Amino acid sequence: MEINEIKEIIEAILFASGDLVSLSKISEILTLDEKQVRPIMSELIESKLNKQSGIIIKEIENSYQMSTNPEYFDYVRKLFERNTSKTLSQAAYETLAIIAYNKNVTRAKIEAIRGVSAGSTINTLIEKGFVEESGRLEAPGRPVLYRTTDEFLRSFNLRSPADLFPIESFSDEKKEDEEE
Amino acid sequence: MNQPLIEEYKLRLENFEGPFDLLYHLIEKNEMDIYDIRIGDITDQYLEYLFDMQTLNLDIASDFLLMASTLLHIKSKMLLPVISDDEEDELDPREVLVRQLLEYKKYKKASFAIKELHEAGNRYFYGLPSSEDFGETKKVYEVSPLILKEMYKGIVSRNERKKNYKTRYMEKILRHDRFTVEKKIRVVIKTLLNNAKISFFEFFKKKEAEKLDVVVSFLSILELAKERKAKLNQNRIFSDIVVEKTDKLTESDLKEYIDIYK
Amino acid sequence: MEINEIKEIIEAILFASGDLVSLSKISEILTLDEKQVRPIMSELIESKLNKQSGIIIKEIENSYQMSTNPEYFDYVRKLFERNTSKTLSQAAYETLAIIAYNKNVTRAKIEAIRGVSAGSTINTLIEKGFVEESGRLEAPGRPVLYRTTDEFLRSFNLRSPADLFPIESFSDEKKEDEEE
C-alpha cells in the first residue's frame, strides 16, 4: 500500500469512528506494524496543522481522534446554537486539579488539601467522565483511589497527563529563606 | 434582617470554596505575610464571619467549624508562655496551618489553569460514530439503483400478466394507532436487533415526522433504557443520541411487547 | 474571507454535524449568499474526489453531508465488525422500487402492483428509513400515501429521485402485456 492510501484509510477510519481509535486498532485494520503506522500518524497530524484544515487529528495517549479545528469554533458553534460555557464549578476544578496532579489519590487526601468534604464533587466528576476509580489503597479501610480519565485529557485538550504544567509552577512557597 | 441582605451574605459565603479559601482571603485582605500570620486578628475575623452566618440562620458547614477550633487552638498555644529553653525544640504552632494553606493555594492556582484548558478544549467539536452502513451492504448499495429498475419492470410485467385472475383487495380502514408506545417499542427493538446501534436523529429523520411520533419514540427508547435493554449515549447536549442495545435485549422481547399490549 | 478559509469552515461544519446540512444553513453560518456558497461546495466536492480522500462530501437535494469514501469500506467495516447489517429482502426491494418510481403511492396501489399484501414490507422500509408517509389520498378511506426519503437517496447513492434509471423501456413491455 502506498503511504497516501494508508493516510486516506486512516482518515476514513477516524471519521467513521467518531471516537478515539487506538494506534493498535488502526495498525490491526491496516495489517501493518504499529512501528510503521506511528510515523504516518505523526505526518498526518502535522499535515493537517500545516495546511490549515477544517478537521484536525488529535493524539491522546496512543489513540487518535478527529475533531474540528478550534479556530473555527465560532462558526461551528452556530450549528448547535450552544453557548460557549460548558464549564465546571470552582470546587470541581479544584478537585480535578488535585486528582490530575496526584495520580491515584484518596478522597481523604483531596479533602485534606481542600479543607472541605469532596464526595459530591467527585461524583460529579465521575458522571462527567473526567474521573474514575483506579483501585483501592492497601491501608486500613481500603479507601478508593481516583484518577483522571482519557475523556479528561480529551476535554481539556491534553495529549497526556505529562502535558499539564508542573504543579511546582503554581507554588508560592519561598525556597531559600525557609531553612530553619 | 431583610431578604436581600441575607442573599448578599449567602453569596459572600458561597464565594469561598472552604475554610482555607476564606482564610486566604482574610490574610490577603489584611496584607499579612503568610509565614507570619497574626493569628489573633485572623481568628477574630474568621469567627466574626461564622457569627454572621449564624445570625442569618445559615448552615455553617462543619468544615468551617473545624477550622475555627483549629484557629482557637493555635491562638491559645501562642498565648501560653514557652516552657522549654530548647529553642530547636520549639515548633511554631502555625506551621502546619501555613503548610496546608500553601498547599491549597497551589491547587487553587492550578485549578484556574485547568479551567483555561477546559475552555480551550471546549472549542473542539467531535463527530459521532458514522451512521453509514459498513456491513455487507456495499454491493447492495452500488448496484441497487439498477436492481430497483429491473425489479420494477419485472413486477409490473408479471402483474400485468396475471391481472385478470387477481381478486380485488378489500380496503382496510386504517386505524389511527400508529404512534402508540408499545408499537413503537417493537419498532425500536426490531431495529436494534438488526443494527445493535442506532442514531436517534437518523431514526427520526423523516422530514414530516410528527411531533407525537418523535415523542412516543423517545419514550419507548427511555423505556428500553430503564429496563437496561438499551444504552443511551449523548456526546453533548442537543446532539444526537446513540441508542445501543445491551445483551439483555433478545428476540423474545419482541414477543413480550406484543403479548403485554395485546 | 478567503476561499480556502471558507472551505475549511465548511469542512468543520459538515464534520461536526455528521448529518445533512442544507446549503441555506451553511450560507447563514458563513453570512454569505447561497449563490456564492454553491460553487464553493461544488469545488470542495470535486477536490475531495480528485485528490482521493478518505472522507468525501455528498450532495443530496441542496444539502451536504460528509461520509467515508466507499472505496475504503472494507477497512472501515473492520472497525465496526460486530454489527453486520443485512441486505433487503426481495419483497422489500420490489416494494421500494414501486414507491421510488411512483411518488406518493397508496398501499392498495403497491399491493395491486405486487399482487401480495405489502403492510409488513412497508413497515420494514419505514423502519430502515427508506420510506415515509407523505400524506393521505383525498379518496374514500383517505389512505396513506408513501414516498421514498432522503435516507433512501443517500443509501442508494442517488443525488435526487431524478437520478433513478429511467423506465421508458418499460412502457413497451407494458403495452405488450396490457391487452386484455
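Note that the chains take the letters A, B and C in the order they are written out, and that residue 1 is the start of every chain.
The criterion applied here is as follows: a contact is a pair of C-beta atoms (placed from the backbone, for glycine too) under 8 Å apart; a residue touches a chain by one contact, two chains touch by 3 or more.
This one's a predicted model, so the numbers in the text were calculated from it and none came from an experiment.
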**Q.** Chain occupying the middle, per Cα centroid
**A.** B
Q | Chain whose average C-alpha position is farthest from subunit A's own | A | C
Q | Interchain centroid distance [CA atoms averaged], subunit A/subunit B, Å | A | 17
Q | Distance from the mean Cα position of subunit C to that of subunit A, given in whole angstrom | A | 38
Q.
Counting only residues that touch at least two other chains, what does the list for subunit A look like?
A. 15-18, 66, 68, 76, 80
Q: Send over the residues of subunit B in touch with two or more other chains.
A: 125-128, 130, 132, 134
Q) Which residues of subunit A touch subunit B in the complex? A) 15-19, 58, 65-68, 70, 73, 76, 80-82, 84, 86-88, 90-91, 93-94, 96-98, 100-101, 112-117, 154-158, 165, 167, 170-174
Q) Once bound in the complex, which stretches of subunit A touch subunit C? A) 4-5, 7-13, 15-18, 21, 25, 28-30, 52-55, 66, 68-69, 72, 75-76, 78-80
Q.
Please output the residues of subunit B touching subunit C within their complex, sorted ascending.
A. 125-128, 130-138, 140-142, 144-149, 151-164, 166, 169, 171, 173-174, 187, 190-191, 194-197, 201-203, 205-209, 240
Q: Name, in rising order, each residue of subunit B that touches subunit A in their complex.
A: 17-21, 34-35, 61, 63, 67, 100, 102-115, 117-130, 132, 134, 236-239
